[in-house]
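So that you can tell them apart, the chains are marked A, B, C, D, E and F in the order they are listed, and the count of residues begins at 1 in each.
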Amino acid sequence: MVNIVPRLLKDQLTKLAEKDLRIDGRGQFERRNIDLEIDVLSNAEGSAKVVWGGTIVYAGVKFALREPYPDRPADGSLMTSAELRPVANVKYEPGPPSAESIELGRVVDRGIRESGCIDMESLCVVPGESVWNVNLDIHVMSDKGNIFDACALAGIAALKTATVPANRFDIGEDHKLPVNKIPIMCSYKRVGGRFVYDPSEEEELGGSERIHITLGDDGHVHSLQKGLKGTFSTAEFAEIFTNAGKQAEELRKIVEEMVI
Amino acid sequence: MVNIVPRLLKDQLTKLAEKDLRIDGRGQFERRNIDLEIDVLSNAEGSAKVVWGGTIVYAGVKFALREPYPDRPADGSLMTSAELRPVANVKYEPGPPSAESIELGRVVDRGIRESGCIDMESLCVVPGESVWNVNLDIHVMSDKGNIFDACALAGIAALKTATVPANRFDIGEDHKLPVNKIPIMCSYKRVGGRFVYDPSEEEELGGSERIHITLGDDGHVHSLQKGLKGTFSTAEFAEIFTNAGKQAEELRKIVEEMVI
Amino acid sequence: MVNIVPRLLKDQLTKLAEKDLRIDGRGQFERRNIDLEIDVLSNAEGSAKVVWGGTIVYAGVKFALREPYPDRPADGSLMTSAELRPVANVKYEPGPPSAESIELGRVVDRGIRESGCIDMESLCVVPGESVWNVNLDIHVMSDKGNIFDACALAGIAALKTATVPANRFDIGEDHKLPVNKIPIMCSYKRVGGRFVYDPSEEEELGGSERIHITLGDDGHVHSLQKGLKGTFSTAEFAEIFTNAGKQAEELRKIVEEMVI
Amino acid sequence: MGGYGDVELIAKDGTRLDGRSVDELRPVSIEVGVLPAARGSCRMTWGLNIAEVAVYGPMEAHPRKIQRPDRAVLDVRYNMAPFSTSDRIRPGFNRRSREISKVTAEALESIVMVEMFPRSKIRVEIEILCAEAGTRCCGITAAAVALADAGIPMKDLLVSVAAGKINDVVVLDLDKAEDNYGQADLPVGILPNSKEIAFLQMDGDLSPAEFDLAMEYNMKAVDEIHKIQIEALRSKYTGGDN
Amino acid sequence: MGGYGDVELIAKDGTRLDGRSVDELRPVSIEVGVLPAARGSCRMTWGLNIAEVAVYGPMEAHPRKIQRPDRAVLDVRYNMAPFSTSDRIRPGFNRRSREISKVTAEALESIVMVEMFPRSKIRVEIEILCAEAGTRCCGITAAAVALADAGIPMKDLLVSVAAGKINDVVVLDLDKAEDNYGQADLPVGILPNSKEIAFLQMDGDLSPAEFDLAMEYNMKAVDEIHKIQIEALRSKYTGGDN
Amino acid sequence: MGGYGDVELIAKDGTRLDGRSVDELRPVSIEVGVLPAARGSCRMTWGLNIAEVAVYGPMEAHPRKIQRPDRAVLDVRYNMAPFSTSDRIRPGFNRRSREISKVTAEALESIVMVEMFPRSKIRVEIEILCAEAGTRCCGITAAAVALADAGIPMKDLLVSVAAGKINDVVVLDLDKAEDNYGQADLPVGILPNSKEIAFLQMDGDLSPAEFDLAMEYNMKAVDEIHKIQIEALRSKYTGGDN
């Protein structure tokens, strides 16, 4: 499909930016409202639903036993997947995953994995014989902007609520999946010249490059990704890096309050 | 490919229907001639060729040993496949199977499977260790209408003639595959307002919705499928359901006579 | 892509052929310059780089252990692959392998395999338990004509230099892969009416059918392939078959000198 | 159908394991307009099943070879989320979901006024978030509501429901356990006003008399579910007053 | 080629396991016009091999990027039915069938007057229903007859046949056992009138003298098979009189 | 990042296993114009890494749906040869190579004057022939040179390099062993003149202070590599004189 770049939208966003305004009235680093629900899917062993502005994401956790890899006989594994599917927006087409979809899945996965929030050795059942594989599937139902952050949030919330179904597999009592950390992703988009936090659908259409930052509980960075055409300066990065620290703290509280 | 609906053909079929006529001179529930041959493929362990009007279908049976599924340690399996392939008609394109092709395969498979004509426990070799998988492959060579019924007929005939090749696998004597029932599929198509049995290629092109009924030896129904755009009333269904009982009896005789 | 046949090029090649000339000044059976380097890839267990005129090909050998096939418990295996990939020429598109690419891979594979240059029993580690699989991957980096011969040459040279990495797999000392023969492929193309050896990119574009001959050390033929539209006479074949014997001898010397 | 074992699914007095009578539906609820990115949408819960449907279009049909000069095409996808079942299922389409998508599209084409949008495409995305037997009926019923929510002209709604057979007794609306050990399943799609049949499948074993009874149960249930569809649409478009 | 073991395939007097002499073909039969849906068709049995070929077109070439402004393209598919071999083979194309389809198409393009149908496509569907060594030759030979049956103008027919080597002896037309334990296989496609070569493959091991003898056997067989092709076409178009 | 084990990768005096200091690059060399079939090309060795890049175009963008009316699209493929790693890797694209191709294309689009070639496509083929950690940086750096060699107008070159963390120490340019047991990796792509960032990824664990130090090392290395890029281009276009 020929993607007619919406010049008028771009011009409008630029004019607004000159007055430090955004198209939906938010401030530069102001976030849309978030509604987080947990335990929403009865066939999943952990689940969460995030309504982030008009963006809606489900995450579900399923467990399965498998043989460990020979070089790591006591380690379980975590597989995180997130995809851009046709249900989420008119712009997504059916077919094999696009490069955009693959990037989403890998960036969300890295943010969670690299934070070390799950101790892979805690997933060992019998060393060298049997370990848990944790499947975290993130399902975007409605994309009105910033699905990266919504996916990451739904993902960690679903993990935090997950119960290891040991009983169903005849290997002991069900127990909570130990999740030690709450990594939070914060995404910024250049719109009308400067970066804004939590871009809306219009801002994604009329903006340029994008930066995703995943921060751990201690303020350490676990994952970075720059996407789309465009460049930025180290000073610009420093500003949003600082902002991300604040945003992450707020979002971490939302998760903590919800999942106790 | 843009499918120019053949309006003229549709009009003609409607006019004929008003006089209770069909384009090839048949009555509403009259079938084309069927020629059934068996044991036609020397590398298959059971085979049949059906020439049904201008529609030609081969079916071949192959056996293989496999491990049983853990939850059904004494059950073998039957895999039926039928595909719309480019050899059969100018309208079929190469490439991954179309939705039409998948529907054909699944409807033919369900009719045979759900009739219970093969006792899956009779395919057990060593419980928990080794069972037979029966592959029934149905190959359409020429599609001049109503391939569903032709495939189903060739399929059950090939099964009825099949020999389990135990000797070749060093596990005993060859023996007949036990097939207890003869499920028969009867297909109806709305053409010019009313349903006709055994639609021809022209009637498929100029008609609308389609109903497939698979009946067992005792007149019980084992599988139903409505295909294509269109609706029908319960009264219409009752009429063709009754007719299918008669057609199935005749076709079952053809199979019984051929395979003793 | 619509392939506008370059009629002017074809006419020019025909005029040149009438005077027994070729577009780059070579004689009918004259070859371009060849530069063969070995041990060029530090992660491969055997490697070669062939610069054949403007055509550049890398070949790399990797070993892996596998279970033998039940019917040949003492035989290892050789998998040769060569593909037409987008890096090699503007005319190659990304995507699943084209028929041309599959033909290249299979013809190069057959020439090496059918020569019997590798004794499959020499790849046995423990009969019935463990054998070596040899992966010979041929990577075309620049196609300026006659990649078939360049691939075959790089392939056999890489095999001749390969070391079986037994030490890395904890099953003994590293040792040379025994390679008993040097099969050589010679390709001919009908250009301007007659066949020429070692066609250039322009001759491939403006010519017609192609013949590939793989000869063993003793002058026996191990593989033949005619490609593309066109026919030839037995007399024409006899002439190039004789010429191939001479070319193969020269090329075999290049390999022998390089790999001792 | 499975048909395995001698599992007792229904008591002598006709009460089923979950307390329902033979012709009783599981609890059903419908909510309209739940997905902001879609033109029309619907969320339906049916027992433990959860389906959400998004409708996009009418839009230009791409690639051009799928265009029809005299009507819109319905591009329907039925998809089960990986976490929707007890054992995780691999994402992506399989033969089962492709067949269900096809028959669903054909059923919906029978009610949508497709002639009003030549050369165009209407996308219907059915997502099964939680599955407990009867997902195809749940998806079709929700899709009809989502199409209405998108303002697509239709000649009627469509209600899909299934009856089946367990322990040799015909019952309405099989749940998971009943489906696993059942003897037959007869899902239909009915236009609630004309009672025409736009969707029909069946597998298992039914005598003609059992078939008639199963259809009778289905027809009665159609009216119940149709009321819930209407209520959900009215609730959105009249601000919840009725 | 396999080349394994010391299997004795040929007696001292030159008689082969099935009683044939070194330059003798297996039984061959050809029937024309066997598939009603096709424009032209052919059924060929060759030993235990069974091939059926359907020809469709000439028709507009789709997608447009495969069109050639000066000629028709031949869209050839060689396909083995799942039940055609001793061990069932997975349906669908594989690398072997794609290569055979390519060289078959190129051989047929050498005889069809493709210049008469610019921008068009001719589809040739070769189905191997039963396989017993030599299926590619059987398919090519049958395809040439099916093209003639479809009324496609051709400058000549095409006959494909293979000679090979077993127990160090050159023989014509290897059967299954001979192919399994053979030392070489040389399939060719020959224009029966001009004796030009339109198709050539070979693998195994042949000395130049063995190659010449194999080609001699092949050329003789071409004439035999060509007669059967002509007879089959005449039989259809003259009502069986000859 | 792996982060496993207590492997000592760096001595008390800051010397690494291969003798480098914390902010020292592996040996780097660049050669321009190495692939005759390409419009522009480059070969880069970086430690044991070998990357070769071919550039084709600008050419008409096919299929038309990828065309952009106001600029060229960059069609970038990052591909690892099967023999490039210790364990052979299956040929073909995987999720990792598709992601690297995407971010590489977006980085290069930030420096190529794509507005000069509306509706066209520029193909950049990055082949990793030998891999020893840092292949994406090697590919991006070589691709920028190959684009320049192809005469594609650019507003600057692009240099990609990574710093990381091993044994809790920030170091420049991880080699294979350091990568296997490292704690963080921060690859960047920098415009050498403006010092703008066109490419950025990171995984592992870095405190804000460690991040700043890693960026400092990266920035210094950019200048070193940029000199080698310029030298290689000058060497081709001035006959090796400088």
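We take it that contacts are C-beta pairs under 8 Å (C-beta built on N, C-alpha and C of every residue); 3 or more make two chains touch, one makes a residue touch a chain.
Computed from a predicted model, the values in this text were never measured in an experiment.
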Where the contacts of subunit C and subunit E overlap, which chains show up? none
Listed pair (C-F, A-D or A-F) duplicating the C-E contact set, over half by residue number: A-F
How many Å are there between the centre of subunit A and the centre of subunit E, using C-alpha atoms for each centre? 58
Calculate how many whole Å lie between the centre of subunit B and the centre of subunit C, each centre taken as the average of the chain's C-alpha atoms. 49
List the centre-to-centre spacing of subunit D and subunit E in whole Å, with centres computed as mean CA coordinates. 52
For subunit C, jot down the residues that touch at least 2 other chains. 1
If each chain is a dot and touching chains are joined, what shape do you get: line, ring, star, complete or other? ring
Round the ring, starting at subunit A and heading to subunit F first, what is the chain order? A, F, C, E, B, D
The answer for subunit D against subunit B in the complex is residues 1, 64-65, 67-70, 95-96, 98-99, 101-103, 106-107, 109-110, 186, 191, 194-208, 211, 215
Residues of subunit C touching subunit F in the complex: 1, 41-44, 47, 54-56, 58, 60-62, 64, 81, 83, 85-90, 94, 135, 137, 139, 141-144, 201
Looking at the complex, which residues from subunit F come into contact with subunit C? 34-39, 48, 50, 52, 54, 56-57, 59, 62, 75, 77, 79, 81-88, 91, 123, 125, 127, 129-132
Under the definition above, what is the set of subunit B residues touching subunit D in their complex? 1-5, 99-100, 102-103, 105-106, 110, 114, 116, 209, 211, 216, 218-234, 237, 241
